[in-house]
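Paired with chain B in one complex and with chain C in the other, chain A is shared by the two complexes that follow.
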Partner chain A sequence: MDKLRLYRLLLAARLRSQLQYRVSFALEATSSFTTPFVELIAILILFRTFPNLGGWTAGEVVFLYGLATTSLAVAEMLSSGIDQTSDLIREGNFDRILIRPVNPLLQVLATDFQLRKIGRLMQGGVALTLAQLLITPHWTLLKGLVFFSALCSTVLVFCTIFLIGAAICFWTIDRSEIQNVFVYGGTEIASNPLNIYDQRLQALFLYLIPIGLTVFYPALYILGKPDPLMLPPFMPFLAPVVALLFLSLGLLIWEFGLRHYQGTGS
Partner chain B sequence: MALIEARQLSKHFRVGQRGGLLRRLRDQPSGGRDVAAVTDISFTVEPGEMVAYIGPNGAGKSTTIKMLTGILVPSSGQANVAGLVPWQQRTTLASRIGVVFGQRTQLWWDLPLHESFRLLQHIYRIPTDRYRENLAQLTAVLDLAPFLDRPVRQLSLGQRMRGDLAAAILHEPPILYLDEPTIGLDVVAKERIRTFLQERNQQQGTTILLTTHDMADISRLCERMLIIDHGKLLYDGRVSAISEYYGGQRRLIVDLADDVADPVVPGAHLERREGSRLWLSFRRDETTAPALIATLTARYPIRDLTLEEPDIEAVVRRIYEEGLPGDATAPTGAPMVAP
Partner chain C sequence: MRAYLAAARMSYWRYYTYSIATIAGVITNGFFGLLRSYVFIAFYQNRPIAAGYRLSDALTYVWLSQAMIMPLFMWGWVEIAETIRTGAIASDLTRPINYFGYWLSRDLGRAGYHTLFRWLPTMMLGIIFFRITVPTAPLTWLAYLISLLLAIILSFCLRFMINVVGFWTTDVRGISGMVLLFVNFFTGFLIPLEFFPPAARAIVLQLPFAGLVSIPNRIFLGQATGAEIFLLLGQQLGWTIVLILAAHLLLHVATRKLVVQGG
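And then the complex of A and B:
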């Protein structure tokens, strides 16, 4: 609780700093709100030509897209600070974090919160609402729970990818773009039915970077669709377990990287 | 028991590796080369001491301090600060040390100064009454009141440094590491910081380890200094001992009222002459300044004179260039310890 309070305080300080540059904030928020809309429209246009994609209708794909995009937006906001690690290290400000009696990860998390990603969040919300109108799935309490846990799990998986990308900076100092390949590539993959992809790609996003597992399988369950990959029926419920395992791996890599931190100059 | 103890601390950095992760991973076993930043440094600092840690740029000063704060993990050797191993118990140690990196601030750049202090209160969990008391005291001593409400980015360097000092001390650490706390400051601002550090050391008994390039900082503040070069400790001893050894030579600068053709001053050596101004050097053990001045005034009409004390900077420069006397006979890495 104490930590949560400190996180809030540090973030509030960051946001007040950001608001010192209002115009720049407004511009970024606007652009982040308009860009993702293009993606949603693109999906709808695609389905005017092809009635279904790997056995999925427009509404169902929009649901996948909504789930992935909403999670991505939340993860991007939470991980904004993690994404700054490379800058913190390069500019020598990481030293400052290490001389304070607070967990470095908490401080890194609190260095930034990109409120402007709220555009993408609204986009995800619009997509989920649209999906609801197009397919009207039959909601039960368990489906609600599966939906919520899928959302949280996917957020965790995305955050962990950012975390691993940041931990790599302890060795390379330079920002590595590798996490972006998996985050944005992963969002793209998860926004479509997993069965349309090559088997190796499926395996990669099910078992190594489990975005497929945390989006696709819960969606199958909620939409009441049969599993085209014929995997065991408990797959939709694995999401939180897998996400937590993946997060633990990320934390281990982060801690390992922290010990290899070499600092910069004087 | 020593408050700070370093035993054969060494730190090697791997350099010459750029490029992507894959290349780095692939090259890790063979690629790049190790550069020793610090080699086998050993010293102890007792509670209440104020010690200068000096050396040219890149000598390893900051690296040593970063190991003693726990920021860096040494390649080998041991350290103990306030009973803790810095890199293993970094977070615990953090509340017992204060650190100022003169080259960069730990304040929140875009926020008013007092907000940084308030955030630090929460970071260090300083009880509110303690915090108020300390802040009031630091505000008074460092004269922070005129700019407490101003964003840090608008502060002058001197103001910012005072703010940074207050930030490092707010949680009353018994140990203070200062990495070039007077860098870039004007004479008045430097003096203010020195006075503050001296008071803090004397009144609170704060142990201070200070790196600097400013020899005035050392002669004003420290009785003991450590000299490091190329990552090795060259000297650990009293400031006065080394300045006596090298600086037995003092200098009297005299402005004569009239031009004298060939001034002769017994007991002193005429170093240089420009018109009516003379530079006379003499050894402390051969004559005294008053005796020399008496001789001078008896012989020539004098308009003005200045006595120059041995310049530690010159002394240190000589050590860098020539090494210490007897250094060749000392075992490698073993620092000469002055009496």
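And then the complex of A and C:
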């Protein structure tokens, strides 16, 4: 409980400092809203010309998109500190973290919380609402649970990608652009029906980076669509299990990296 | 003239030193090209042609746009704004060469590097993995290269003006992020402008933003022939001149406001 209190205190200080630059904050929040917004408009424009995408209607694709975008936004906010690990290491500040009697991961988490990503979160909300209007799915209690667990699981998967990316910095120091491929490429893949992609890409984003399992399969279940990939019927319910496994893998890599961290000498 | 050439050369070699970043960048642009290609392949199922684009055209369009990302450098270029923040701008402004011309030369040097080492390899990936078609007529290539150069200058003018806003606000990241987003949309980067609803299409095709991605791509795809090519290049050139003048005007107003941050 003490640790949580500490996390809250550190983050509150962070947030206060971000809100000092009001105009800058407002603009960045707005741009984090408009980035995905134009993507959403682009999807809708294409659906004017083409009736469906791999057997999915506009509303159904917007639902996928909303689920992926909302999760990414939450994950980006939670992981903004982790994403700064490379800077901490390069500037030698990570060594300072190591000598404090608090878990390094908790401290790294608390170094930043980018509230301005709230724009993207709102955008995810807009997309989910729009999808609701376009397709009116039959909600049941179980579907609600599947939706909630899909959201949490996807957030965990994204956070884990950030965590692994940060752990790699223990060796490379610099943040790798490959991480963007998995985070934003993963979002892109999750925003479209998985069946439109090449089989190797499907496998990569189902089993290695399980974003397909946490977005695509729960969406299939909620929207009541048949599985175009013909996988076992329990797939939509695997999301939380797989996300937790993936997170454990990420934590292991982080711990392993931490033990091998030698400092930059700066 | 020699000073401008030197600035361009220096900028070219500065980017040349980051070869690992270039490889990672090509992989990233290529990966997103791959993802965007599959979306069009799925859309075009049972549909030979849409909005004047066959599937093969749409795929070439996707890879061309991915290849243009770095030559156009549309995302987050704040170099001039940085000099305002650090105060280095004071010495830049006192140089005995045209301030706009100096930065344009630097940007052309950079764009030259990015055309050779980002545009070319990205297009190669498209050719290898999606068998996209490239023009065979030398004249089409010539028209495309002129169009690409104009697109780069147009993009520079827009970025220059965004940066100059820093004379007033010091922090331009927010504005830059917002403006460039709409730019990405209206240039035809996300989807070809021909897919827009008719009323919107009529407008966006005439805006200066069309000169960044849409026009060079249409020339590359051979959608314009003969006199039409001159018309498109003329449209780009016209907007380029307008934006260069606008940039000079904005700079003129801005330098009167300039407060150099201590340093």
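Convention: the second predicted complex is superposed on the first by the 261 of 266 C-alpha atoms of A that agree within 3 Å, B and C clash if a C-alpha of one lies under 4 Å from a C-alpha of the other, contacts with A are read in each partner's own complex, and residues count from 1 in each chain.
The definition used in the following text is that contacts are C-beta pairs under 8 Å (C-beta built on N, C-alpha and C of every residue); 3 or more make two chains touch, one makes a residue touch a chain.
This is a predicted model, so every value here is computed, not measured.
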Chain C versus chain B on the shared chain A, clash or fit after superposition: fit
Chain A as apex of chain B and chain C, Cα-centre angle in degrees (nearest 10): 90
Partner chain(s) touched by A:N93 [first = chain B, second = chain C, both, neither]: first
Partner chain in contact with A:I178 - chain B first, chain C second, else both or neither: both
Contacts of A:Y261 with chain B and chain C, given as first, second, both or neither: first
Contacts of A:L53 with chain B and chain C, given as first, second, both or neither: second
Contacts of A:T34 with chain B and chain C, given as first, second, both or neither: second
Which superposed partner A:L9 touches (first chain B, second chain C, both, neither): first
Where chain B and chain C come nearest after superposition, their Cα distance in Å: 6
Shared chain A surface residues [contacts with chain B and with chain C]: 176, 178
Chain A partner contacts - residues on chain B that touch it in the complex: 13-14, 20-21, 24, 57, 61-63, 66, 69-73, 90-92, 94-95, 97, 99, 101, 103-104, 106, 108-111, 115, 119, 122-125, 151, 179-180
In the complex with chain A, residue positions of chain C that touch it: 21, 24-25, 27-28, 31-32, 34-35, 38-39, 41-45, 47, 50-51, 169, 171, 173-175, 177-178, 181-182, 184-185, 190-191, 195-197
Complex contact set, residues of chain A against chain B: 5-6, 9-10, 13, 16-17, 20, 91-93, 95-96, 98-103, 168, 171-172, 176, 178, 259, 261-263, 265-266
Of all residues in chain A, those that touch chain C in their complex: 21, 23-24, 26-28, 30-32, 34-35, 38-39, 41-42, 45-46, 48-50, 53-54, 176-178, 180-181, 184-185, 188-189, 192-193, 196-198, 201
